[in-house]
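Here is the structure we will look at.
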Amino acid sequence: MKSAVEHIFDLEQPRTERMPIHPAHKQAGYSYLLHRHHEDEYRPEETGPRTGAAGVLICGEHTGTHIDALSHQADALTLCGGVPVGEVQSSRGFTRHGVEEVPPIVAPGVLLDVAAKDGVESLEPGRVVTADDLEECCRAQGVGVEAGSVALVRLGNAVFWDDEERYLAGPGMDASAARWMADRGVVAVGADNMAWDAPGLKDPELGCLMAGHLILLARRGVYIIENLALDELASSGQHRFDLICTPLKLVGATGSPVRPLAVVSG
Amino acid sequence: MKSAVEHIFDLEQPRTERMPIHPAHKQAGYSYLLHRHHEDEYRPEETGPRTGAAGVLICGEHTGTHIDALSHQADALTLCGGVPVGEVQSSRGFTRHGVEEVPPIVAPGVLLDVAAKDGVESLEPGRVVTADDLEECCRAQGVGVEAGSVALVRLGNAVFWDDEERYLAGPGMDASAARWMADRGVVAVGADNMAWDAPGLKDPELGCLMAGHLILLARRGVYIIENLALDELASSGQHRFDLICTPLKLVGATGSPVRPLAVVSG
Amino acid sequence: MKSAVEHIFDLEQPRTERMPIHPAHKQAGYSYLLHRHHEDEYRPEETGPRTGAAGVLICGEHTGTHIDALSHQADALTLCGGVPVGEVQSSRGFTRHGVEEVPPIVAPGVLLDVAAKDGVESLEPGRVVTADDLEECCRAQGVGVEAGSVALVRLGNAVFWDDEERYLAGPGMDASAARWMADRGVVAVGADNMAWDAPGLKDPELGCLMAGHLILLARRGVYIIENLALDELASSGQHRFDLICTPLKLVGATGSPVRPLAVVSG
Amino acid sequence: MKSAVEHIFDLEQPRTERMPIHPAHKQAGYSYLLHRHHEDEYRPEETGPRTGAAGVLICGEHTGTHIDALSHQADALTLCGGVPVGEVQSSRGFTRHGVEEVPPIVAPGVLLDVAAKDGVESLEPGRVVTADDLEECCRAQGVGVEAGSVALVRLGNAVFWDDEERYLAGPGMDASAARWMADRGVVAVGADNMAWDAPGLKDPELGCLMAGHLILLARRGVYIIENLALDELASSGQHRFDLICTPLKLVGATGSPVRPLAVVSG
């Protein structure tokens, strides 16, 4: 495979305590603390020249670039496939639809660069991306979204990763965009914003915020990958690639940090 | 790529609080706690049918299937490449050789099934795997270890994942095996035990335990992947594959949990 | 006050990762990790001779010597005083009956040494302490339990603090003992075992385990202090004292670690 | 004792994730998360009406109202009493001068209300409190600071607990004030600011910031209690009281959260 590979695009944003975090996940946020320092163990006469260092990671599973599992969202307290929350939820996570049930994703991927379609570097806060936008994008780029693929939407928001206020305010999708994706049979969708959906947008029909989350995760069984870094991929002009995403098997968790790769074969 | 793929082997062990953890990493161990329950937010008249659930992950980065970065080990308080620990170590991790410096690994892989060579399901605790064993394995399997590849050693220890005492007691490699790997220019090595090295084995020349860790990480710049699940891959008879491993960019950390994949192309 | 004080008894057990922890609170258990080491900051030419060290505490609030707040237990999903759980519970704790609502406790205290009454150092696992036992204790010791006081029961279990299996198996109280205490109008009770109640004892009338927890916290509004160290106080022969207990105002939490003091005035 | 007590003043500030935290302790900050919800266990037919709820606390020991132990500060990598840091520091804390070595504090207390002396509600950021200020305070209030006592300094900063920026900017003491306290043989000092010392003040002689920390903890063995709530006590006009402070025995830690009480006897 390697001989055929032209380029590997790393779609993960770096994780630090300064990275933007959705208000709902500020507790417990993200911390990496190094408690085992090399000097602690250094006694060369007794134990030789070798020492180790290690730390502890404390974070919500929905921090940084991550994938949402199906347990993350419920529709009238029911998970995807008619699973009642009360039967599967506990203090340690879920016995159905935990992230360990997400298979390794190795699938065709497509990038829909809505920012480029609009002729801008970055879409503005408040810009709501609809099914029509996605349809136009396909036409403009000469691509389609096939069943079994992973579709990534570029909003141009990733460049604000160091500016939490601006990053969180960024644009997002509406219910029509989510349905459009699900109707095409994608395995997963992803975007370069905090939470796929347009922030603060209440869907009049569904009567809720984050309608895409309800539709994709709770109703249609489509995973969502958030906080992607898509600019390098977009600049390359490569809209079709293989998408590799390996969620950690955190048994019972509602999601997992991931480092997705877009692999372009020569 | 997908059309050429025959099978994807998931090399990650499941992560739960019951999984075996190296004594040095028992604090803080592994916890996943779900604090946001679906019912907390369910007010259908006001906010519609949608609710979310999420939790917090508290774990050492060296728990479960994971990769060691070069900051994890030092040689006389010096990291690989002559970097003095005192210049780069802090309470938040390392400013050089943190796991974010490990590139996405997409490389040819080879499985050296030492247990099969010995004609057993699992090597016994106390069995020390040497360079000679690896050499024999290559001959028996008709494979070689090339520069730029990832070499995985199967000891047959993965089957004891639910038995911490037995798992931790498992076999491992000595210094000669580590040097043998480094001399072949591998990018990374991995095994299905807790810490690559034979537990409790003090190298007479180096005067330390875990000689492989010193040689590979601190001297030769070779990453180590630990706690792999290799039995399914071994059963398939596939000794050559593409190895995909995507460490999370936990900036400054000494390692990262990973879900490596062995991809066999048709 | 100090001039009148004859002796201060420290009733808190030491907290380490090796201390016994109730199975329900093993996640996340107890960890103290020191990530800020003095050497990290030591640059005498620039910043002088001063350095600091500090760490992180990760623990359940019901680990070690601690007090239970009224939110800790519910009766048919109702907290003490008829407060419906659904109205006050969230991912961040409780908006009613959190431990911050427990006032600083400075009250008369009495020690009921049931082990001494039985003529043993330590009561055996399986020994169930009843109202009759407490009544006998009062007679034998020539004390009473008054309204507004704190009553501590000594089972002789504290000596097993280093032996988790034995400590957790220790004796405890039944429903009659809990009612006896509540009927006397105590502010709080405490004992030198893990959870006040006799482990594994199902109350036939109430149909639940830990009947004392239900009666005291959920029905009668009496706090419970667990994992006390009572041997030194008992040895002194002092059965009456002032009890000082200062729960931390962890807003919304269901309890707090505490270091209660028994102060005997001269 | 209770009959003689006129009033108990609670000197602890409430702990929430919104409370001000010193930049050095923002990782890991303060989180309380409730993962065990009452509904998780509610199965009345099987286990009766009783359910429990509990959570996890993740915090630096120097968050909220807390006491600093002697391991918290070093003088040229030496702890109080000539203890070399390298001999006692580890990834799990300190084997000397951990907070478990701080005895329960029950001592005479005195409040030096410097804000009142200045005739203001709150001292301004930048105001540096000196030994002369403390001396004046004693004269104005007609009190002295005796050996074995606990001396609390009121700056009027507590009222800004909900305004992190203003709270952290608050006034503080200089080296002369620290020496003045130590010379009088106090057991501990405390104040209603984040870190006793005037923020950003470099002592010209010692060549370091936070000179009081160096003098009190590393050189003179005097504990420091930070983030006190002193306004109610000040308003009462009571400058003399019994100070009760019970640090948790977090073995090896550099400090502990506390809920100090000022008890005024009738």
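Per-chain residue numbering starts at 1, and chain names A, B, C and D are given in the order in which the chains are listed.
The definition used in the following text is that a residue touches a chain if its C-beta (ideal position, glycine included) is under 8 Å from a C-beta of that chain, and two chains touch if they have at least 3 such contacts.
Keep in mind it's a predicted model, so treat the numbers as computed, not measured.
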item	value
Third chains touching both subunit B and subunit A	C, D
Which of B-C and C-D has more C-beta contact pairs	C-D
Residue-number overlap at the subunit A/subunit C interface, same or different (half cut)	same
Fitting subunit A to subunit D on CA atoms, where both chains share a sequence, rotation angle to nearest 5 degrees	180
Approximate Å spacing (C-alpha centroids) for the pair subunit B, subunit C	42
Gap in Å, rounded to a whole number, between the CA centres of subunit D and subunit C	24
Subunit C: positions in contact with at least two other chains	17, 27-28, 31, 33-37, 39-40, 55-56, 58, 89-92
Graph class of chain-chain contacts, one of line, ring, star, complete, other	complete
In the complex with subunit D, residue positions of subunit A that touch it	17, 26-29, 31-33, 35-37, 39-40, 58, 86, 89-92
Touching residues on subunit B, where the partner in the complex is subunit A	1-2, 4-5, 8, 10, 12-17, 24-25, 27-28, 32-39, 42, 44, 47-62, 64, 71-77, 85, 89-94, 100, 103-104, 106-108, 203, 206-211, 213-214, 218, 242, 244, 246-255, 257-261, 263, 265
